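Take a look at these structures.
In the two complexes below, subunit A is the common chain; its partner is subunit B in one and subunit C in the other.
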Partner chain A sequence: MTGVPLPEFDYMRPLTVDELSAILAKHKGEARLMAGGTDLIPLMRESVLRPKYVVDVKGVKELHGITTHDGGVTIGAAVTVNEIVESEIIRKKFTALWSAAKELSDQTLRSRATLAGNICNASPAADSCPSLLVLGAEVEVVGAHGKRKIPIAEFFKGVKRTALAQDEFVKAVHIPNQPAGAKSLYSKWKRSWGEDVALVGVAALVSGKKVRVAMSSVAPTPVLVPEIGNVFYGEGTLEEKIEKAAACVPGGICPINDVRCQAEYRTHMAAVLTKRVLRELLGVKK
Partner chain B sequence: MKGKVVGKNVTKTDALALATGKPMYADDIKLDGMLQAKILYSPHAHARIKNIDTRKAEAMPGVHAVLCHKNVPRVPHTTAGQGWPEPSPYDAVMFDNKVRYVGDRVAAVAAETEEIAEGALKLIKVEYEQLPAIFDLEHAMDDGAPVIHDEPDSKYVIPVFFDPKRNHCAHIDLEAGNFDEGIKESDFVVDHKFKNHYGQHCALEPHTCISYFEPNGRLVLRTGTQVPFHVRRIVAQCLEVPERMIRVIKPRIGGGFGSKQEMLIEDVCAMLSMRTGRPVRLVLSREDVFVSSRTRHQMVIWLKAGARKDGRLTGINMRVISNAGAYGSHAMTVMSNCCAKALPMYKCDHIKFVGDTVYTNLPQAGAYRGYGVFEATYPMGVAMDELAEKVGMDPVEFWKINTVREGDTHPIFEKLGEVGKGVAMKIESCALPGCIEQAAEAFGWKEKRASYPKQDGKIRRGIGMVCTVQGATVAMIDMGAVFAKMNDDGSFNLLMGATDLGTGADTIMAQILAEALEIPVEDVLVYPADTDLTPFDKGAYASGTTPVTGMAVVKVAEMLKEQIIGVASEILGEPKEDLFLKDKGVESKKTTRRVEYGQIAKRSMYAKNQFQIAAIASNASKAPPQSYTAQFVEVEVDTETGEVRIPKYVVAADCGTVINPKLAAGQVEGAVLNGVSYALTEEFIFDKNGRVLNPSFGHYKIFTTQDVPKIETIFVQSYEPSGPFGAKSIGEVCINGPLPALSNAIYNAIGVRFYESPFTPDRILKALREK
Partner chain C sequence: MMEITCVINGAARKIAFEPNEKLLHVLRREGYFGVKDGCCEGHCGTCTVLVNGRPVKSCMMFAAQAKGKEIVTIEGIGTVQKPHPIQRAFAEEGAVQCGFCTPGMILSTKALLDKTPNPTEDDVRNALDGVLCRCTGYHRILNAVQTSAKYLKEAKK
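Right, the complex of A and B next:
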């Protein structure tokens, strides 16, 4: 697309949450929020999106920063993925998110891309989403009619569709503290060893008998596979349970054939990655 | 051979300017009044244009010209950038009243902006009459198959087979020795059908042309091409103007790999300038590059080969069907090279070859690094591995006894060249046995071979090897010329038509001249590839620049040397025989007196017996000197996921004298990555109507620098008398290895042979399940 100019738009850069709220309330469908712009700009270049107003959220101070508190950690909507990669607390306590951030696109893109942008783009292949699902994240949303918190599991409504109303925006993502001893991890399957969109992504969280597994690129939205959780309350050795967990995968997902991968291989790999991630977290060698 | 400059890692002449983003590529200039061009492509695989209405597009404000078959001359030509007369059929016209694949040209627009041009394309109303299409190369010649080139004016301009009524674009058959007799002596025979897949070159710079008129009315084409002189000739042909009206300038190029050995967009760009009198810029989008430029030839190859108990090859029978796609650019020559340039590595007296190239309603194939040798090395490399196993011989031994040595000749050399009959040739330089030994040693072949059969677990290691060859130049056709002159300070301008497409050819030529004239390399000012200012060169293809143009540089240096010594003799008052070049000066053997180049230049320009010290030299290829490699690869196949990882890749290459080790190693590593990427991930995905579904880097995955396996490169030098300071070529020979080497290594790891590419994880998994 060398030299193809972006369609014309007005650029706005509010400095406060209130200002941002007011802009959205006024322009609604004609405005698009931009954090890193790594999804928005290519879509505009391809004329898939033609917003009249591009509203840059990076000027809003309240959207910056990763803050820890008694309840967990709060990641502002303008926080870049590289900031997450560099965060000690996220690496140690919320490893699934950290490992997903590390796998998201490449170093250059990560310095612009944001976590909030990744969830708002609502791609079925979004790397951060399975991790947020297993960690039980909440999305803090601000709109013309006030604030609300949306559990991440209710945030995704379909391919590129979210629960956000036209006047709403994501202020932050909260990740609650996990029980002591909880461990989590994300694993991504790609066509190359460098940068690629996930063919399948699997995140898991293990905390005592509680096991949660979520996946990307296997359904219209990132999905939890709740059946897997039940397996670990049942009988059997860990290895047997892991095998049973993997057997739950095909029933919990509905992947498609596309130019990157066949559904059959996606299903297979979702099960393989589930086993691998669970073995790693449960310390089962094979 | 090691010299003062030859054999040294001289920095590329353009490195600093390119690295600092100086405006050096075709698209880096903006001209006043420059229009933007866009092309309308066919949505159908095969259709007749019943009517095309461009009136609305023409009436759109900002639109300056619309081209389609109704308003341009119909001049059958080939887009293949080859020597004249071209060995490819004249089956293309600028715009036709028929489209032959999804992505074929229908019309073009020049407008004030790209947006207006895009908008105008949407206003062009085309009424198509859809025709049945054929996509399967194995059925293209069937009775009743739709005829893709039913126009009466397609033809070859050389006397070769052509039967477009049967979609039969090219045919070659020959036999050296007697295959049927030879194969009877076999104790072991392999006989398989192989198939490789559609792939694209993926040069980072898309096809780019800017055309404009000089004040004197001549048309300049600033274009990213491998073949500036062929482009001038073919554009002149298409526009029906004399060649003298056109000047082609080749700026720096962001990679070609064969996709730019074409007159691909220049005719349209030039015609739009002619119609509007304005500068016109035409740059293909990445999607256009994938769909509407050129691809690798997809081939089906049946290979039957045999060996005796002692491991000697008895016979090779290769039957090729090559898919040209919709037009026959390079159709015959790529197929011809499956035999002409691939088989003369194998010591075998009985070789039979039958090749057919067919038209289908798929994207156009063309030249692509490896050029037929790549496609044929896949079956040959796998068959060699399989025969070695049947004979019970270590593949290293098997390859060694069945490949050529220095001093050998080969029956194929005379029987077939890239174009028609070949030339008899004795192999003057061959370090292949050394390549095999040194690569095996560095790889740890023996140890790995001993330990790998005893494996269990999910990850299986495996090893594989192949040898590769690439004959350089199109013998008896290719020519390159260079002009050099001396400046006041004893530096030299080197003007040449040779086309550095990012490979470093300019630097190599500077090194050769510097070595021959005893000067530092920075004293050579290379000016490449401008049809007005530089002498003719065939262009960058057939691994030809170092052997062909490099030798022209050696010749020009000899001529300059004679003139320099002549002047020095006058200054020193000593006979020429006593004088020799040293450190940018001339010294006397007898008296040790010395005169500097600067003095010589100034005298010749300003003082006595004045003349410009300058020379022009030409070099034509008489034979195709062969470069060789031995390639060893180790794989880890994950039997749970089908993933293939490459922990180690060793290449030992014989490219004669290595002029610049770092640039040569870059060619080796680049070619290996190129080949590995093709083997493991790249492929075109078509829908049932022949549309490419994945024309983007997001969907057509190529390996990047992050995916480079650990490659160890060893140069085993030979000395090629026909090349500059003994040098041969290195651009293509390495890409021929990865496909068969990986197939062999995967077999070694999991016991499944892949006769069809690519080797993607899902296919490997499927094969494991079916095992």
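Right, the complex of A and C next:
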């Protein structure tokens, strides 16, 4: 299959956000944006996608760089996953995203793959998304009719479907500062030691009594399990609450059977991972 | 047809290709056969090259994206007569069996050791995560990376 050429297209490399906007407004459905290309290229190779124009966003300077400000951190759409892994601030303050970035695919693909690409591809298994959900990220979107910000919880509309209109693109992802003392983590369950798609991925954020848990690979989109939050305002020891949190998991997800594993196993492991991540964050030994 | 200039193994090159051609296939057409064509969908890592010092799967890049970049293939780091210390370590540790993954393994090792001269085993496993080997069981490759680190330090003295 390696000798099969990709479908033909024109390659475009805009240098500014305005230029990129204009291309999208003009070509809409015929153009496909490429950040890292690590999802787009395989889809084109299988002829699932046959865009007339491939628009490489990595040439746009405004989309590069991780910037910190009073409100939090802003990650440009062209920032690679390896740049996130190398960011001290993301490692210390937004550990869930950092640990997800470290688990995303492998070292070589992370040199190309981007956070914005991971969310726009909208795979149910996307590693970065549970972390963005627990951290309350916002997606900055630019389109022909101006800018808007979409809370990450409203960004995913289904398997490989997002809230983006045809003329819109992601400019950056904003992650707000978390309360002092907040801790977060992502844990991925996969079949091999090396690169694999998550069988289940669980991210959690703990800040005093506030606990948020989100998951990948267990529903058509990455999902928050809000019921878990309520458990920690109730009565009981931490260990009892962690067990109660795990008991909320099956009701909050709807996994499928696929080539990687059965739904039943996913449900079981989602609860196990939830307990592991919460024990780690809450300092509960078992 | 498009044309770009880039640096391949230290020499400035002008290369021509169609927009839908991957860097992998263009490099092979230009005679860099050390860039192996394996799965061609970003899994196996045998097409790994260094782009501005970072290991990248060349099947996951269009040739057009190599404009102005510095590319290093396995041909650029050593020869049979004068192997790179990493190549010598791989040979001496028996880390090469069929050899198909070896260019990707060696270039990934180079990228690691250029930044991290004293890697932990975790660093090594993480750095080689993107390249699959179906022969060696990886143990000899892991040993070869540590031996490479040693040879590189000796070469600097």
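Just so it is clear, the second predicted complex is superposed on the first by the 286 of 286 C-alpha atoms of A that agree within 3 Å, B and C clash if a C-alpha of one lies under 4 Å from a C-alpha of the other, contacts with A are read in each partner's own complex, and residues count from 1 in each chain.
Throughout what follows, contacts are C-beta pairs under 8 Å (C-beta built on N, C-alpha and C of every residue); 3 or more make two chains touch, one makes a residue touch a chain.
Quick caveat: nothing in here was measured; it's all calculated off a predicted structure.
Undergrad: Tell me the contact category for A:37 with respect to subunit B and subunit C: first, second, both or neither.
TA: Touch partner of A:37: subunit C, not subunit B.
Undergrad: A:257 contacts which: subunit B (first), subunit C (second), both, neither?
TA: neither
Undergrad: Check whether A:265 is in contact with subunit B, with subunit C, with both or with neither, and answer first, second, both or neither.
TA: first
Undergrad: Counting only touches as set out at the top, which of subunit B and subunit C does A:191 meet: first, second, both, neither?
TA: first
Undergrad: Per the contact definition in the header, classify A:16: touching subunit B only (first), subunit C only (second), both, or neither.
TA: neither
Undergrad: Using the touch definition from the top, say if A:112 reaches subunit B (first), subunit C (second), both or neither.
TA: Once the two structures are laid over each other on A, A:112 reaches subunit C alone.
Undergrad: Report for A:45: first if it touches subunit B alone, second if subunit C alone, otherwise both or neither.
TA: A:45 sits against subunit C, while subunit B stays out of touch.
Undergrad: Thinking of the overlay built on chain A, is A:8 touched by subunit B (first), by subunit C (second), by both, or by neither?
TA: A:8 sits against subunit C, while subunit B stays out of touch.
Undergrad: On the superposed three-chain arrangement, identify whether subunit B or subunit C touches more subunit A residues.
TA: The partner making contact with more of subunit A's residues is C.
Undergrad: Once the complexes are superposed, what residues of subunit A are shared between the subunit B interface and the subunit C interface?
TA: Common interface on subunit A, subunit B vs subunit C: 1-2, 5, 106, 193-195.
Undergrad: Where on subunit B is subunit A touching in the complex?
TA: 27, 36, 114-115, 206, 283, 285-286, 640-642, 645, 681, 685, 693-694, 698-699, 701, 703-707, 760-762, 765
Undergrad: In the complex, go through subunit A and note every residue touching subunit B.
TA: These residues of subunit A touch subunit B: 1-5, 106, 189, 191-197, 259-262, 264-265, 268-269, 272.
Undergrad: Under the definition above, what is the set of subunit C residues touching subunit A in their complex?
TA: 2, 18-22, 37-43, 45, 48, 51, 54-57, 59-62, 64-65, 108, 125-132
Undergrad: What residues on subunit A touch subunit C, complex-wise?
TA: 1-2, 5-11, 13, 36-38, 41-42, 45, 54, 56, 58, 82, 105-109, 111-112, 193-195
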